[in-house]
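Structures given as structure tokens follow.
Two complexes, one shared chain (chain A), two partners (chain B, chain C).
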Partner chain A sequence: MDFKFIIEALPKIMLAVPITLFMSLVSAAAGWLLGLSIALIRKHRVPVLSQFSAVFVSFMRGVPMVILLYISYYALPILLYSYGLSIGITIDINAVPPIVYAIIALALDQAAYSSEIFRSALSAVDEGQMEAAFSVGMTRTQALMRIIFPQALAMAIPNLGGIFVGLVKGTSLAYYVGVYEITATANLLAMPALNFIEAYIMTTLIYEAISFVLNKLFRICEDRLKKFRAGASA
Partner chain B sequence: MENTFKPATIPGYIPNVLRAFPVTMEILLISLLISLALGALVTAAGIGKRKWPKAIAGGYIAFMRGIPTLVLIFLIYLGLPQLAQVVGIDLTGVSKTVFIVACLSLSSSANMAEMMRASYLAVDKGQKEAAYSVGMKEFTAFRRIIFPQAFGIAIPALGNNIIMLFKDTSLAFAIGVIDLMGKARAISSASYGANRLEVYIATGIIFWAACIILEYCSKITEKIYTKGRKKATS
Partner chain C sequence: MANMVELSNIHKSFGKNHILKGVNLTIEKGEVVVILGPSGSGKTTLLRTVNFLDSADDGSVAVNGFQLDCKKHSKTQVIELRRKTAMVFQNYNLFQNKTILENVMEGLVTVKKMGKADAEKMSREILAKVGLSERCDFYPSQLSGGQQQRAGIARALILDPDVILFDEPTSALDPELVGEVLNTIKTVAQTGITMIVVTHEISFAREVASRIIFMEGGSIVEEGKPSEILVNPKEPRTQQFLKRITDPQAAGE
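For the complex of A and B:
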């Protein structure tokens, strides 16, 4: 064990924690919104979009994250560039930071997984709730926002917590598209003097700490939202 | 930057990448068997009455669920030999496949243990009591009454876990094993990256197809197995 290395490297690895968290939060926010839309589209069987969503979800669930990251990393610049040309501007592809491609891949992955969670949560809310909301004169949007979503969210939270921790772990793969998050930073620092064991023990402890805190936070959310669960199922 | 993407060449890469399929299958099957055995061990410790095994099982599951698989792979492949060297064990001769199987078995065993615990607890308590009341011993009751019912409940989760494990095998390339993903990287670097997008899309399609087949098998197994059985939950 090289303690000098640990003391020198730890602050540098810690500096990468915000990058990992930033990637996770942005991907989750974008992905879950898209996931909720997909869930609503599939629940109400919107033609064309619904079939498209089903294929999208199946693809995202079947393809490993690394491959999705690579596809996003190599395909999006081409798409972006040709889109730029079609509207008459030349986009400098190299100016786009790789984190953008990583976030897009992670967000799409989250969208697929969260859509399944939202779908089962929405269908678990009793039909009578919607009818009751209508009967007191609420509009469809009001009923969804005030009655259905809070109950569905309360049911979805434990599973959302699970995929969020999975997402934070998944960001470690962004290393392969050149994002300097925790794993990549640790790797970079360990390389020169081959301090692998020290670097990876630190990395492990950091990830464990993040997972622990996240699990606690989601547990708290779950408890807070419990009041919505009472009448949630038939 | 010009658009060099040729979608028409994607199917041509599929057979080429598929040549590495046996390697992926080998990793998948061995890891699956080990993770099931490890998972069963952890579950037995977790649902038992003794305090220490219970605490260790809980800690093990929490640890494995908190660490990204990629970091676990680096920790074991790069870190462990260094640590072993200190105590005088030489691990440099161990093949990469062994390392990857060890890592995937460890990370998957936590999911397997969770699945087994949930299915075991889902079987109604009365079943066990009924088995005892007709004179069965604990092990006989488990083997003939509890296990068959818990297995039926576990099938969907087992299918999911196998799919996750299958997707995780794609991380074997991280340490240079030529599995599907490793093969894809080898093909793309042989052409200096000119066809990388096409190759990765082809690999993605292979994974997708395999996952659809796995999912279908899991559904069929569940259907056949639970046919004519009463639901085991109370």
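For the complex of A and C:
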């Protein structure tokens, strides 16, 4: 063990933690919003969009994350560039930082997986809740926002916590498209003196710590959201 | 227009199953109409067509002069119609994520756009009337069925609807809890509000109804005052039904 390396490298790797968390949070926020929309589209069997969503989810489940990142990183800029040309503007592809492509790929992946979680959570809410909301004169949007979503979210949160921790670990793949998050930074630092073992032990511990804190946070959320299911205890 | 509810030629099918076969029903302001009938006769479906929880395939529904064609209507019209009605459900259907107080306030705040302070004051008053002052801050899952149903009645009442629809309000209750809910409904009936009640409680119907409607096979078979229908039913099918429901021995045949 090269302890001198560990002491020197650890603060530098820690500096990459915010990048990992930023990537995770943004992809989760965008992905889950899309996932919820997909869940609603499929639940209400919206024509065309519903079939399109089913194919999308099935496709996303089959494609390896790394490939998805490559597609986003290599293919998307070309598409964007030629689209730009077709409407008469030259888009400077190189000005777009790689993290954007990584977030797009991760968000699409989250959308597919979270949509299934939201779909099962939404169908687990009793039909009578929507009817009751209608009976007092609410619109569908009001009923969804005030009655259905809060109940569905309480049921979805444990699974969302699971895929979020998976997402944080998944961001390490963004290394392949040149985003200097935790894993990439550790790798870079390890290279000159071949301190790979030390670097990987540190990254493991950092991911473990993040995962531990996140699990705790999601547990707190779950308890808060489920307070209405207190049973006869109070 | 003294007619509070007017159903004309209501047809409803679920798939191949023709549930309602052209029902006509006019209810005047202040009437308490009790709908009786065997299960599958379409009474609950008829009730649900009034506030478009089940949209009828044909016919028209009018509540307090606001008429809607069942074939041709907009979402906004349906919402407007629903805001003239309120419903009490068989399974209570209280909003599970809200306390009893919030359940009652919800319609006032979200639909009627009333201020929270006023809504809370009104809600507490009405919850006191149904005997739930002590349970305001409980969640539905923490209450007995009878308490939940009384909260459901409070949630409907507070909207000051033109008509309240009761869909088998005591069917899901333990027998010893039926009384408290029926008493609450009786108190509501005495306030002169228009009510349509689907129930199997014959003695309750006798006490509270101003008119009883007997349905079978998707049509109204017979209607009249409780004294007529329950004591001297004219139609053989009504006689049969009442015999079965009041004489458990005959039901076992």
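Remarks
Here is the rule we go by: the second predicted complex is superposed on the first by the 227 of 234 C-alpha atoms of A that agree within 3 Å, B and C clash if a C-alpha of one lies under 4 Å from a C-alpha of the other, contacts with A are read in each partner's own complex, and residues count from 1 in each chain.
Note that contacts are C-beta pairs under 8 Å (C-beta built on N, C-alpha and C of every residue); 3 or more make two chains touch, one makes a residue touch a chain.
If you're wondering where the values come from, they're calculated on a predicted model, not measured in any experiment.
Legend: residue contacts after superposition of the two complexes on their common chain; A:75 is shown touching chain B, with no touch to chain C. In the overlay built on the shared chain, the residue A:150 is in contact with chain C alone; chain B does not reach it.
Shared-chain residue A:11: touches no atom of chain B or chain C. Judged by the number of chain A residues each one touches, B leads among chain B and chain C.
Once chain A of one complex is fitted onto chain A of the other, the partner contacts of A:47 are absent, as it touches neither chain B nor chain C.
Legend: residue contacts after superposition of the two complexes on their common chain; A:228 is shown touching chain C, with no touch to chain B. Once the two complexes are laid over each other on the shared chain, residue contacts for A:126 go to chain C alone; chain B is not touched. After overlaying the two complexes on the shared chain, residue contacts for A:64 are found with chain B alone; chain C is out of touch. Considering their complex, residues 51, 53, 75, 79, 82-83, 85-87, 89, 91, 93-99, 106-107, 110-111, 138-142, 155-156, 159, 165 of chain C touch chain A. Those residues of chain B whose C-beta lies close enough to touch chain A in the complex are 1, 3, 5, 62-63, 65-72, 74-75, 78-80, 82-83, 163, 167-168, 170-171, 173, 181, 184, 196-197, 200-201, 203-204, 207-212.
Chain A contributes residues 58-59, 61-68, 70-71, 74-75, 77-78, 81-82, 93, 165, 169-170, 172-173, 175, 183, 187, 190, 194, 196-197, 200-201, 203-204, 207-208, 210-212 to its touches with chain B in the complex. Within the complex, the chain A residues that touch chain C are 126, 128-129, 131-139, 142, 146-147, 150-151, 154, 227-234.
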